[in-house]
Amino acid sequence: MVKMKKLRIAVIGAGFWGKNHIRVLSELQQAELVAVCDVNEQRATAIAEKYGIKPYTSSRELYKKESFDAVSICVWSTELFKESMEALNAGKHVFVEKPMASRVEEAEKMLETAESAGLHLTVGFIERFNPAVVRLKKAIDEGEIGQPVSATGKRVSKWPERIGDVGVVKDTAIHDIDLMRYIFEEDPVSVYARAGSLRHRRFEDYAQVMLAFPSGKSAFLEANWLTPYKVRRLTVTGSEAIITIDYITQKITIETSNKTLIPRYEWKEPLKLELQHFVESVLNKNNLIVTGLDGVKALKIAEAILESAEKNRLIELSL
Amino acid sequence: MVKMKKLRIAVIGAGFWGKNHIRVLSELQQAELVAVCDVNEQRATAIAEKYGIKPYTSSRELYKKESFDAVSICVWSTELFKESMEALNAGKHVFVEKPMASRVEEAEKMLETAESAGLHLTVGFIERFNPAVVRLKKAIDEGEIGQPVSATGKRVSKWPERIGDVGVVKDTAIHDIDLMRYIFEEDPVSVYARAGSLRHRRFEDYAQVMLAFPSGKSAFLEANWLTPYKVRRLTVTGSEAIITIDYITQKITIETSNKTLIPRYEWKEPLKLELQHFVESVLNKNNLIVTGLDGVKALKIAEAILESAEKNRLIELSL
Amino acid sequence: MVKMKKLRIAVIGAGFWGKNHIRVLSELQQAELVAVCDVNEQRATAIAEKYGIKPYTSSRELYKKESFDAVSICVWSTELFKESMEALNAGKHVFVEKPMASRVEEAEKMLETAESAGLHLTVGFIERFNPAVVRLKKAIDEGEIGQPVSATGKRVSKWPERIGDVGVVKDTAIHDIDLMRYIFEEDPVSVYARAGSLRHRRFEDYAQVMLAFPSGKSAFLEANWLTPYKVRRLTVTGSEAIITIDYITQKITIETSNKTLIPRYEWKEPLKLELQHFVESVLNKNNLIVTGLDGVKALKIAEAILESAEKNRLIELSL
Amino acid sequence: MVKMKKLRIAVIGAGFWGKNHIRVLSELQQAELVAVCDVNEQRATAIAEKYGIKPYTSSRELYKKESFDAVSICVWSTELFKESMEALNAGKHVFVEKPMASRVEEAEKMLETAESAGLHLTVGFIERFNPAVVRLKKAIDEGEIGQPVSATGKRVSKWPERIGDVGVVKDTAIHDIDLMRYIFEEDPVSVYARAGSLRHRRFEDYAQVMLAFPSGKSAFLEANWLTPYKVRRLTVTGSEAIITIDYITQKITIETSNKTLIPRYEWKEPLKLELQHFVESVLNKNNLIVTGLDGVKALKIAEAILESAEKNRLIELSL
């Protein structure tokens, strides 16, 4: 009997989202969770005990003492770059949570480092793995909506207090930024945006964005941390039909001239599908669905959005 | 017994929409339909017979022979200016269908003429009279959605073959252009738009528009003559709730953090409410809900949209 | 040129519903509306004037003076028998509104009379002509829901004050009684019912009914004049899918294991389809979709329902 | 510091549903899971290992060797009586899954035994703890729908292969049977039912039931193991409004004359609420929401349903 190869992996950052990574990785057959690292010792110890893994409070220490293949990095946005570089320099394949880094320059450095070291580097654009998005992409690719004309992404909810080092564009709208490139299979050529802050002290808490694509398509993005009713929806309008998904319920609705169709599928946890893909891609040396370059481009667009909003002018993009 | 004063009115243009005007005016208690004018003699005669009114094929003739107070002008966009000027010069109060005129200069001339003659001039922005819009406006004014942040208007359907002299922006999106000013009670300060033609020979058949308002609010407008499933929806997102209306069913949905509320009202024909308001405003010398200035401003924004799309740049507005 | 044959028809009863008959008949190309008869002279005259037809206050007089082929009878339930007999005896084809008559014996007499005179006799089971019902029947016949197992009809609304001579079973539930026979293509063999009055003085204003069919299928009927929110829905559950229609919006929803499908159709006025069918059937000597026998059977079931509710026992039917 | 009192509990039966009991009990702060018992040794051992508890294959052995307060019994319907009696005779408080026992006589014996021994006995009517039912009951009690008139429960899905010792009435419809008594706060006085088998070899796989209540209210129940689309819905119609819940999504919809209201609540796991209530009631010697008598009555009604269907007659009940 051949023993299945498993990817040995550690998680850096055991906050709200890191805990989800740990839970999901512990359930994946092809992954072997080896350690967790968190600056908060109590948190690291508690979670390590629960999952029977080793706790660390310093990633440097982790790399020195443990032998493993990959890390998932779930720290604050401001720490993503430092932790990723350390992991890449330690020769680890890296799954880094969005927004990948605080600034484009950092993200580019990460990408370069990973490429020259021949390491896998992916970014946590989890929505690409959302079954509703997968089906929407498939429906569009199969011509079900005719020629795509425009897309509208809405992502609003009350301010998640745990996020204090980044605004709604880089934290939240970035999912839709990435998705628009993914769905239209084009890079936007210009961006116009409005953003501001109604409640947040340091960062923008709402943004409205229009992205223009070379083929003539446009995308509207709307994100805020104001509206207390959580909405996560995407609508793509085509020459023949309109397709709408709800990221939360994973419901997909296709409206054509003579019917409304709601295919029914089993709900699946996007994080599980996302981490499974990362684990398998590294193990099998396959291409990643989300590349480091996707992360760099999304960050470039996010920065253009913030610049456009600040200067109230159209920003041209050359990705 | 005091006899109720009635507004004597004629309709210019007996095409698809003009016929609706005639039907509705014939049902209004305060209006007395006196004549119809259409370049197509057969059409003029047929409709005149049905409603027991006088047919004309020339409006000049009409003004010479009949005595009345007001006209409703439902001709092609390219003829709206000429017919309106003729009516105003004949001393008639004017209800002119949108887009009011082909160009801003014409609309301004009409406004000037009406003002100096002390005549009522209104434009057919029928959606302001849609009960769903009335309730949405009231809900916003009463603070039900908190502070408005953004609005999205979607208006798509297959190309109405009867419209051949104007594109989707001036014909269709113009409703949303007007509504955004009405709902936000502000004039936009800049516009960025993308538009093009997938099927139409002469004019744009799709447009995506972003309007920026001085207070920081934004509006997305999406209009096309491509998607065969007819959608007419407006969503306003506020700091406390999201409100959505369907112009066709007049359904209104308010989503807050702890409930979805769908108030139920009787469906009412917007055209009837709109013409009734015009008739009463003229009879009672009251202010109009839609002024000639509203028409001029909407046309200015429409032209800025087309310019933005053509030059791919942000257009600043000074209304 | 051959002149199209038209059915000359008169309407007896110009109340709320009779007025609708008159309006619709006036629009049908194959019908020629000749007269209206109503005991209320003012009402008869007003409506006759509007449609350019002759007014009568006595149907006897009408039959004596006018020459025509058919009548539509829209009087109170208690008068349906008398008026129908008079019409049949005068040699007219008869469209009689539901519930056809006050009692089964009367209905049977009408049926007999029509049959021996070779006259068309139909009953106003308008829902059979509702496009949503037509589609539901077609979907079931084509096997889209597998084997039908059960059906549930709900028909509730506040008490229509104009109805004072009959209870909710014979007035309202009778539509569903007829539809269950029509959809299942079987006659029920037993009925169990509960009914009572919460607000109405003389008649039952709510009823819950269970009909058993020989094949094992069952139907639940629920009707009341209490609930102020008007609901008119039918659900048929099959071994493979569930199909639901809303009679008012004519929306049809098919739920299978892997999708919800909402076909989209143009809304059509059931009364127009119903009267058109009557007119054409008489003109072309075709079979009627709703026969006099259908009317008799529905009335028998309605009476069994009332008996079951009164005696609180199961009533066996032998139709 | 006072140490919190915990209820020591064991689970009998580690099949599909027993595993859920074990998982939930392991999460309850006031419960201490001590052992699991299953005739399948491998299954018992595997689950015991996962939760760090003791495995048994004989409940007799379990009662001899372990010291604890209560059991939750999740075995096949045919074994519920035997296992419950053994537990009660061993002096344990008992949570027994529905349908409580195979026959009324057994259930009555269990009730008697528990009462004379002063032990808590409850039945797994989990839907009473479904937050949607709790809210529906509250809404009705607070008069939001006026006077309740009727209720309709629909519970259909494809045949769950794991259930082979009982039909759809005692397994599935029994939830609605219990709920109707709970919601109307009355015992039904008669039952009429139709049931049969389209696919199942030994037991009925569909049933339609009408329950009559002394106050005049009625309930329709519909259950089957045929329709592949899983539906679990309850509608209560009142003199002022209609309230509908979906047991699965826990969505609640209230339709009144002037609005549709969908209150939004957090989804909660009914099994957790149910077991928590059992644990707390035993610990604090409080009354149970679902009593053994409720179980006996539900079983009596279920048997009356089967008798009615078999003999095709109305069965009078005297609960």
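Here the chain labels run A, B, C and D in written order, and each chain numbers its own residues starting at 1.
Quick note on the criterion: contacts are C-beta pairs under 8 Å (C-beta built on N, C-alpha and C of every residue); 3 or more make two chains touch, one makes a residue touch a chain.
Note that the coordinates shown come from a computational prediction; the quantities given were computed from them, not determined experimentally.
K.L.:
Call it same or different for subunit C and subunit D: same when shared residue numbers make up over half of all numbers used at their interface.
P.N.:
Same; most numbers are used by both subunit C and subunit D.
K.L.:
Cα centroid separation between subunit B and subunit C, in whole Å?
P.N.:
Those two chain centres are 42 Å apart.
K.L.:
Using CA atom averages as chain centres, what separation in Å is found between subunit A and subunit C?
P.N.:
Going by mean C-alpha positions, subunit A sits 59 Å from subunit C.
K.L.:
Any chance you could list the residues of subunit C touching two or more other chains?
P.N.:
If we look for residues of subunit C contacting two or more partner chains, we find 229, 257, 264.
K.L.:
Chain pairs in touch?
P.N.:
Going through each pair of chains, those in contact are A-B, A-C, B-D, C-D.
K.L.:
Can you check the complex and tell me which residues of subunit C touch subunit A?
P.N.:
257-265
K.L.:
Quick check: in the complex, which residue numbers of subunit A touch subunit B?
P.N.:
It comes out as residues 146-147, 149-150, 152, 154, 156, 158, 190, 192, 194, 196, 198-199, 206, 208, 210, 212, 216-218, 220, 222, 224, 226-229, 231, 237-242, 255-257, 312-314.
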